[in-house]
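After this come two complexes, each holding chain A, first together with chain B and then together with chain C.
Let's turn to the complex of A and B:
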């Protein structure tokens, strides 16, 4: 009845790690470590300037080698979630530059990157509509759903791997990225598991902000 | 869900997407309620857009979020310190740390006319007030008040020292309850200009004193009142030679 499930791996973060960036974070989800930095609002280049909104520039840098097609794919996905959460109409004709650096690949890089970017945006003070939490689910060859798989589980092979991102207000799905073939019931079950797990991530964000402001709270 | 009293909402952490509950008196009164930085009104909901501590003030009932950030967004009426980067016709382009450079007219100085303009070089520091600061327009600075009088704004001497601190620290320093600058002033005499864009300019009698003051202000960022008092006492002792 119950497919194999566990909670997501341990979350850790360190905020404002970069002294020059407006917002930065070193985020780890289990063995996956990602660093994200945010600079903005900046002056936008004339070609990229948008008259009514802020232009979001996102760079994903892999640990080894030059960014390739896979990295561009990740950039597009992370940018979609950023467009949803940042209030871009409050800063027209400006740009925000977000950089994501892969530090260690322990599986679920896309989800870890989205979570790191959300924490970096929280650190930077850009106006946000809501927060976003991303969780990855894997359907292995025996049709078991594994929540937040580590790199070893991924290397064993899988039928499908799905990453979902949820917003913090109504826990609606903002992003869904799936690889592989899976029946619809399993897909729905995976989405529900991920939605439940996103609550853990939102609590983590709250804890992180609470620590940052701990000296100002009476 | 248990009903929380209003006192548990204020001075609490709010994250973007959380909705702010007004106090019962403010909800039913028809008086003006001011929504400040970090909060926006969406239809009937009042939502937080920046992470921070919710603060409130009475008459007029004001709600705002105290957040921590480094990047300055121009707001009208702020006094800022800028670096002159260019001269374009009759005005100067000044870098105030925002997304767009501000413009400062060369006759926006006390006693300046078209024939008598101040001598400002590229790279000079100016302490000016934001006259126009909107998201759609280029910010504009002036160094006079609306009557053309000298109000302590203008070019800052090059023998001072400029450094940057985060914006929440600037607000803490300018708070009348904060005694840090006054206590440091008991140890040393110095001239200071605090810009709301995160820049502080200090000039003391010697280089060593200037750097000591700049360090004291920088490291007091994470300190509460007792720690700041301890820092000032230590500073006074060190300056006296102990």
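Let's turn to the complex of A and C:
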């Protein structure tokens, strides 16, 4: 198979940044910076309580103004991803409260948010089924696939922007979100590319955890 | 969720300690926590760390119709956001009693002291004016939110630049940021608040209280001052706290000299940011991810390259409908990140050499944690008041 060099932007994270949250992370992917915090398992409100599993409360906070429709949409996507990875039936009648704060927009906020939430969950020690890594790619006006685009590329305009999330066990797809029109073949290629790129993110998670525990052993 | 209750013994320890002139974190009574100010890539984004308390402020602007009562002035709107991220008892979208207090005090310190020249924000009298909005996000609550929020808001306002505007007759042309250099806001003075927790029936004042101290204290004294040592805000809260006139004056003296230092620090941070931006390739808050080097994990750009299947993009003909691939993943679970590659095959992305595998790199041994010595040195802070205030300044030596 022919190959070519592709890359995602530099990843960086700081775990346990917040002193009060059970798990927190400040995550950067290129120039995009996102902070995520996890509290839980907590006592659930009576109206939110689920008798067989944990209730996931997810808040996505934009930098400017109140959360609107776009933010609610992102919340829903991240929440469904979380629902898949957290072993919710281990903690019935409780709630977990996840907050995502946008800190700097450098493109691909959704993918960065999902990755940050995964790292924060990892930091909190909540039992997870698997990890999740999200990658965004963009199909520009000349039908080229741009992996992990930066804000300038996004602003230039595009045909479609696709975000995929994969699990860490078999690299199966958990989430697919596409804005715009894209031919099926390109979509498939974009997905394959993102799946390959997700390996890099899983490697990064491994490093992050190694780093965290090697420090604690010192 | 409810806030974790404060036990009586915790409270007693703090109160007893303050009586003896000691604090839980080892500071002296008139010593602040370490302050750190960082800025983002966008104009008007400022993050403040006051010890473990973390607050971010973002300024934005939009063109609105000015108020009929003040037709020649722009508007300033301050909004404090507290979410569960900061503490377990905060609720997203709903400011509690504490949130309203912080919001109102920041408003009083910054808006009511008229430090922003609102008249310069007017474009056309009675028709168009800029509305400047400050969103303050509380990220971590470890006490003294008011000081952190005011500092973040002021830092963001100083950092902010609005798009330039030209008038062509009565037509308003707003220039985009890349079209013409943006204009900073006119700031007349720099007001900041400094909070004291009152213990021992208002006889002892403790500067920059932590969350534990705030909850054990009898009351709170908030002072808003600018770099010219002028008082802008004063608030005393608490149940039945009496405070002596002399205590207020001595607090004001301490706060004034602190405010001068803080404004100086803010200006230095702004200058550093401007210098950093001038160098190009500015990454903003990405740098602040590395505030505590022991806790961060990075993967440099050189390590994130990987081998991807080469795609030939062809324009699809109408007859040639894409064949549905049933098997989406060819090599499930196999991490194909080999080093050997056919370099000649890639023609576009050739700026870098093929890199060794992306597999987990061995983490280099962490530097042994150097013993941090805290050295207390007495520094005379020259001020123009009759009595000189002697302060303790600690510096971390590694």
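Everything below uses one rule, namely that the second predicted complex is superposed on the first by the 209 of 218 C-alpha atoms of A that agree within 3 Å, B and C clash if a C-alpha of one lies under 4 Å from a C-alpha of the other, contacts with A are read in each partner's own complex, and residues count from 1 in each chain.
Simple rule for what comes next: a contact is a pair of C-beta atoms (placed from the backbone, for glycine too) under 8 Å apart; a residue touches a chain by one contact, two chains touch by 3 or more.
Treat the numbers as computed from the prediction; the structure is a model and nothing was measured.
Of the two partners chain B and chain C, more residues of chain A are touched by C. Using the contact criterion defined above for the overlaid structures, shared-chain residue A:64 touches chain C, although it does not reach chain B.
Of the two partner chains, neither chain B nor chain C is touched by A:152. In the superposed model, A:104 makes contact with chain C only, not with chain B.
In the superposition on chain A, contact is made by A:9 with chain C only, not with chain B.
In the superposition on chain A, A:41 makes contact with chain B only, while chain C stays out of contact range. In the superposed model, A:210 makes contact with both chain B and chain C.
Look at A:94: by the touch rule set out above, it reaches chain B but stays clear of chain C. Where the contact sets of chain A with chain B and with chain C meet, they give residues 39, 42-43, 169, 206, 210, 212, 215, 218. Listing the residues of chain B that touch chain A in their complex gives 11-13, 15-17, 38, 40, 47, 49-53, 66-71, 73, 98-100, 135-136, 222, 224.
For chain A in complex with chain B, the residues that touch the partner chain are 22-23, 39-44, 85, 87, 90-95, 122, 124-131, 167-169, 205-206, 209-210, 212-213, 215-218. The touching residues of chain C, counted against chain A in their complex, run 1, 40-42, 45, 47, 52, 54, 56, 58, 60, 81, 83-88, 92-93, 133, 135, 137, 139-142, 283-286, 288-292, 294-301, 304-311, 313, 315-316, 322, 324-325, 328-329, 332-333, 335-337, 341-342, 345-346, 348-350, 352, 354, 358-361, 363, 366, 368-369. By the touch criterion given at the top, residues 1-21, 24, 26-28, 30-31, 33, 35, 37, 39, 42-43, 57, 59, 61, 63-67, 97, 99, 101, 103-106, 143-145, 147, 169-173, 183-186, 188-189, 191-193, 195-197, 199-200, 203-204, 206-208, 210-212, 214-215, 218 of chain A touch chain C in their complex.
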